[in-house]
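A, B, C, D, E, F and G are the chain letters, set down in written order, and residue numbers restart from 1 in every chain.
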Amino acid sequence: MPESERPLDALNNARNKKIIVELKNGKQLIGKLKAFDIHINVVLDDTEEREAGEIKRKLGTTFVRGDTIILISPQ
Amino acid sequence: MPESERPLDALNNARNKKIIVELKNGKQLIGKLKAFDIHINVVLDDTEEREAGEIKRKLGTTFVRGDTIILISPQ
Amino acid sequence: MPESERPLDALNNARNKKIIVELKNGKQLIGKLKAFDIHINVVLDDTEEREAGEIKRKLGTTFVRGDTIILISPQ
Amino acid sequence: MPESERPLDALNNARNKKIIVELKNGKQLIGKLKAFDIHINVVLDDTEEREAGEIKRKLGTTFVRGDTIILISPQ
Amino acid sequence: MPESERPLDALNNARNKKIIVELKNGKQLIGKLKAFDIHINVVLDDTEEREAGEIKRKLGTTFVRGDTIILISPQ
Amino acid sequence: MPESERPLDALNNARNKKIIVELKNGKQLIGKLKAFDIHINVVLDDTEEREAGEIKRKLGTTFVRGDTIILISPQ
Amino acid sequence: MPESERPLDALNNARNKKIIVELKNGKQLIGKLKAFDIHINVVLDDTEEREAGEIKRKLGTTFVRGDTIILISPQ
């Protein structure tokens, strides 16, 4: 990994992979990363919402507004 | 879906379709997506407000300010 | 409604009509929409403030700062 | 009032008049509007702070930061 | 006071005078205004921190970040 | 350290080193700093999430949105 | 002190001196100021975290994100 790597490169590497998106409201979204932009708005496919480890809802394709996101991690 | 897809493309695909808009105050708006912009301000038609799964209000056409939105998902 | 409609067009259509403005503090303002801008700052005439469905105050002409607004809906 | 009126015009009309400024912390400032800018920073003269309808303090000339303001209404 | 006065003029008039700075966390800083900028970042000299009317701390020269400020008033 | 050193230089010096990232929600992420940008978005490798001193989760590579970060400190 | 002094000059005068940084979460960081920028991001050396007057942690070099800071004061 070169010195000049930028944070968005890590999101680019996660495209089409399953990721966890942790939200400021304490919930987690798990889904396949389809798209993102510089505001860290993301689009997930086959999204599940989890809270305290439990699946709460299946949401299909989901647009998540970047300013509600704490962290994103490939599973 | 090409590598270069952007998050707003997912909103564009949802135009005139029924979507769920989840708000930072814990409420949900369900309606037909009529318009959106880069701030994720959205306009819904035939809007219903739900809280804890129950319909609270019918709102007709509704302008929603983008910075109050957590996620948007087609139903 | 053409594909390219923007959210602010919906506010423009509501000019001089009675609207509900829902605020982040849980209150509602009902009045006639006189002006708005791209920050969603709005000016209402003959404004009433409601909380939990009850009229709390009559405020006449009222300038509302956009960043306190959740949604706007014509009545 | 012409179609193209902007929200700041309403503040301009309120210059040198007594206004209520409602803050995000639940307090109200009442004073004469002396100046404002596009951030909705305002300066009041002869300012009184009220909470729950009661005068809490007299503050004289007061600069109020725009991002703490919910609404402004001429009395 | 001319029609075109701007809010920052009021801060300029308060330079080298004792002012109250009220913060979003409910505390007050009292000190002599030495400097400010368009973000309403301010520098005070001989600063006292008060809470509920009582002096809590003496802080000397203090830089206050503008986005934590509700209002500024000369004493 | 020259007078003109900038805060991001400190992050640059921490590249590929183990750092603590403290979040606004009270949690800590510990990992190797791989990338950062001017928004203080960071990417960590071999990330552990800690709360009240205890390891809660292992997260691997993690993208952290800058506006959720309080401080960053090399261990 | 000339009329035209700017707030960042006060931070420049505090370079390499021990300062208190008060955070929005109620904690204080004490350390030597090594760097700052226009966002008020700061870097401290030999940092101690205090809460309610007590030392909680020693953190060494610490990058602090500007938007978490209430005030900065040389000790």
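Heads up, the rule we're going with is that a contact is a pair of C-beta atoms (placed from the backbone, for glycine too) under 8 Å apart; a residue touches a chain by one contact, two chains touch by 3 or more.
These numbers come from a predicted model, not from an experiment.
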Q.
If you apply the touch rule, which chains end up adjacent to both chain B and chain D?
A. C
Q | Length of the line joining the C-alpha centres of chain D and chain E, rounded to whole Å | A | 18
Q: Find the geometric centre of each of chain A and chain C from their Cα atoms only, then give the gap between the two centres in Å, rounded to an integer.
A: 33
Q.
Give me the residue numbers in chain G that touch at least two other chains, ranges are fine.
A. 67
(Q) Touch as defined at the top gives a ring of chains. Read it off for me starting with chain E, then chain G, then onward. (A) E, G, F, A, B, C, D
**Q.** Contacting residues of chain E [partner chain G, same complex]
**A.** 15, 23, 25, 29, 34-37, 41-43, 47, 59-65, 67-68
Q) Quick one: in the complex, what on chain A touches chain F? A) 1, 3, 5-11, 20, 24, 40, 66-67, 69-74
